[in-house]
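Attaching a single structure in structure tokens format; questions to follow.
Labels for the chains are A, B, C and D, by order of writing; each one numbers its residues from 1.
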Amino acid sequence: MALGTGWVVDWVRASAEVVKEHRTELVRLDREIGDGDHGENLDRGFSAVVAKLDGIEADATPGAVLKLVATTLISTVGGASGPLLGTAYLKGAGAAGAATELDADALVAVLTAARDGVVLRGKAESGDKTMVDAWTPAVDAAAAARDAGGSEAEVLAAAADAAEAGAAATEPWVARKGRASYLGERAIGHRDPGAQSSSLILRAAADTAAAQTAAATEG
Amino acid sequence: MALGTGWVVDWVRASAEVVKEHRTELVRLDREIGDGDHGENLDRGFSAVVAKLDGIEADATPGAVLKLVATTLISTVGGASGPLLGTAYLKGAGAAGAATELDADALVAVLTAARDGVVLRGKAESGDKTMVDAWTPAVDAAAAARDAGGSEAEVLAAAADAAEAGAAATEPWVARKGRASYLGERAIGHRDPGAQSSSLILRAAADTAAAQTAAATEG
Amino acid sequence: MKKLINDPRAVVDEAVAGIAAAHKGLLVVQTDPTFIARADAPTKGKVGLVSGGGSGHEPLHGGFVGYGMLDAAVPGAVFTSPTPDPILAATKAVDGGAGVLHIVKNYTGDVLNFETAADLASAEDIEVRSVIVDDDVAVKDSLYTAGRRGVAGTVLVEKIAGAAAERGDSLDAVAAIAEKVNGQVRSMGMALTAPIVPHAGEPSFDIAEDEIEIGIGIHGEPGRVRIPLEPADAIVDRLLDPILEDLPFQSGDKVLLFVNGMGGTPLVELYIAFRRAAEVLEGKGIEVTRTLVGNYVTSLEMQGFSISVLKLDDELTELWDAPVQTAALRWGR
Amino acid sequence: MKKLINDPRAVVDEAVAGIAAAHKGLLVVQTDPTFIARADAPTKGKVGLVSGGGSGHEPLHGGFVGYGMLDAAVPGAVFTSPTPDPILAATKAVDGGAGVLHIVKNYTGDVLNFETAADLASAEDIEVRSVIVDDDVAVKDSLYTAGRRGVAGTVLVEKIAGAAAERGDSLDAVAAIAEKVNGQVRSMGMALTAPIVPHAGEPSFDIAEDEIEIGIGIHGEPGRVRIPLEPADAIVDRLLDPILEDLPFQSGDKVLLFVNGMGGTPLVELYIAFRRAAEVLEGKGIEVTRTLVGNYVTSLEMQGFSISVLKLDDELTELWDAPVQTAALRWGR
């Protein structure tokens, strides 16, 4: 089932909730190899986004909502993750265009554009121990699921699973971008906070899509 | 047995030793109701005194040695205890005058002058929770022992016992002079560091006098 | 967590209000978005200088706003780069028609947010140049890092570029001076304790009573190595060696020696470190002709310090000596 | 104990050597006995100002030696009054023929040692006057205490008396100004943590993670009361109330508001406190016309702060504004 603006709004709300719930964990991860603000940064940003959701026009497209998320994150998060995640949503919004519904192809395009946006701004490569290490496996898995004929919910579930694995995979690595790169070998054994938060957000996407699909099937 | 310059020198060396030995205890007492430097202050001062003892002339009088102690303490201790104890030795030296030996009367005069010097400079009364609360009972006990016909060593032993009791008696009091007075009721339950150090110094006087007397009796 | 604060989330707003109340006449504080500007900004025809970054490094940057130094400072959340909006607003507020220089410490977040603000300002026809400060020799500038960090040397860049702007240099010339200072200053820091970020409520790293961190940044990031506690002189040597090797500094050089406290170190200890650093430089024939000692680029209540050495020439010396009138650095006026 | 030092016993000597190295041209340091004097001392015909006290309060007093403030500062051991010898030597060194004013914080040790030095100086035909600073309202001045302590207000006395001396006032006049400032300034402080005296190696008092000391001095003495940790605003109110009642300060008064850090408190927190204090004064109709915020009278690495309020009139304001050029306070030159 193609996903509309209702899903995007649900996803954003679920993202805000999951970020708030994991705020302390993200702060702790960032304390270990960064500066201890990642959970606080995203919580501040997503809380601001949620506060703006009520103002959304009834006929807003998914792209318009994603753009609102982008500009709000950019203007409230700060730090490295603000511009990076903000750009992800901004480029995702661009890929969504004026469509009122996002099918599996569109979702893959949105995720790919989002990932490309992060790479464009942050210049990180896979294996640098950044959020890219959640996004790139997610994009690849989403595309594979789509190619295999998966539903929208299945595409997002594949993305979430891969992002989760990608975030976990960062643990043994040395970092080559972001603050953790200052630590050299001392970053080994710690999960990248940005990869972790991206995986949480993508899991929220999959969960809300699954819930919508279930509701539609029942209804 | 009247006590000569040899005893004064022994006493001063023993004072330096006992102060060094109790440095940490005096610092701790002063941390509790003052600023934590009393042991360090006296250790610095008496170490300087000991360094000067070797330079003493062969025919120096007890008074001359006491004066050397006074000026050295004044110029090396600082804080409240430096001028106060320094004045004690200075006035004590004055009372000793040009005498080459100190008998029981002379010892009482020296102790009295010393105590009066502390009171003159510091304006503390008995019960104010200061070193005066060691000195005044010591002077009184020394005079009583002398009046009872006690020997020099007995006079000093009486002074030391009374100083010790006097220092212990300060524990339940509120302080009315020195830093401890800033604490109000919070000084209750703590012994005054200056009273304690004075009692240690007077004990050193008694012990060295006893040792000299014993040596003289044997010899 | 024991702090003199009301609410961890209100720290920056309340501190900025305090800065405004304490330095009336020198500064004005704008809120929504928040930035600190010279009371007399913009200065017609003068290049505007804007810096900023996470809060918790005070007096950096707000304490350096004033005659002869910054025109505006943009404070982010504690240890978090500000977003583009207030940077843009500050840029617009201080543009006197001669363009605006952004002085940015080299952290991914700061660079990206200032970049966005600069793009937006250009779109509004304000000429913006950026200088990235990266003076920290603890971090290698390689493909394998986000590059050197900007640390205490930032103050020297801000002071000297500020003097150049004040004497009427063009935007290109002020940017060139700032680049020159950044090219000639090297820094390295250490920590005895970790700072506590208010919203985190716990020390940024755990460290034993007999350990120290060498090569730390100013955001509570752990350092490059952790070693047993050493005497001050040994620590100074450990920081100075890589600084001196890096430029490299040579016998005959004239330098500014800057010993910077991290916020929780008593001044008496900074002077002990300064003594040793001056002694070592002198021993190598490097002449200390200008000095700075104090808490200028801090990391909340962290105990520790950094050493910065800036190679001087006549021009930089003259600009350093030029009058400055800010909350935290003031002379000649 | 984690400190940036070499040897607990060498702290003062090494720090003083660092002060000398960092402020050449402004200061000279004499050793044996140790004191810090203006590079150009004595100033012929000018009243000399000498202050001093235990070390560990930096920048007090050495950081206030220079044009428009002190002529000499005499550092004792950490938290221990200096002995008479260096006070005498400093007094002789800065006597320009117009007499010397001793500015003494009211502690038994300081008073007695300065008293002895003054006696010795008089014996050498130097005219000496002494002013005892006792601005701390936490301690009642009664028969039952050693009297009020001298705390952060000392800086204000030194600055304003220094300006009076610089404009050529006589010894009596400078002493009168100093007395006047002392009579019109009231202070009170608090601590979140205790300092660690180097030779003691342990915190001066033990305090729990959720407790604070109210009414502390600057030597690590415990305060008058220990209470549970409170928000900054409540703490500020708790310090300000007794200050304002004491003089008393009244609606319509013009004042200098000074928020002083104890050494380990980040500036960001001092500004939060300043904000509240300014707000309260304003609410009472007391006008804050001059301000000072920073670590000026410290207690090693203690976290905490004090508030001082000085009632100003035109003369005091003018003297406060007069040029000063010291390591820690500088303007107008």
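Convention: a contact is a pair of C-beta atoms (placed from the backbone, for glycine too) under 8 Å apart; a residue touches a chain by one contact, two chains touch by 3 or more.
Composition by chain, UniProt nomenclature: A, B = Dihydroxyacetone kinase subunit L; C, D = phosphoenolpyruvate--glycerone phosphotransferase.
Treat the numbers as computed from the prediction; the structure is a model and nothing was measured.
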Contact network partition after chain D is left out of the picture: A, C | B
item	value
Far-end chain from chain C, centres as C-alpha averages	B
Between chain D and chain B, distance of the C-alpha-averaged centres to the nearest whole Å	33
Cα-centroid distance, chain B relative to chain C, in whole angstrom	55
Distance from the mean Cα position of chain B to that of chain A, given in whole angstrom	76
Where chain C touches two or more other chains at once, by residue number	none
Interface hub residues of chain B, defined as touching at least two other chains	none
Touching chain combinations (by label order)	A-C, B-D, C-D
Chain A-facing residues of chain C, complex	54, 76-85, 107-109, 112-113, 115-116, 138-139, 143-146, 149, 197, 199-200, 202, 204-205, 217, 219-222, 224
Chain A - residues contacting chain C, complex	27, 31, 33-37, 40-41, 44, 74-84, 121-122, 174, 176-179, 181-184, 186
Sites on chain C touched by chain D in the complex	2-7, 11-12, 14-19, 21-24, 55-56, 58-59, 63, 192-193, 209-210, 212, 229, 231-233, 235, 259, 263-275, 278-279, 288, 291, 293, 295, 298, 300-301, 303-305, 325, 327, 330-333
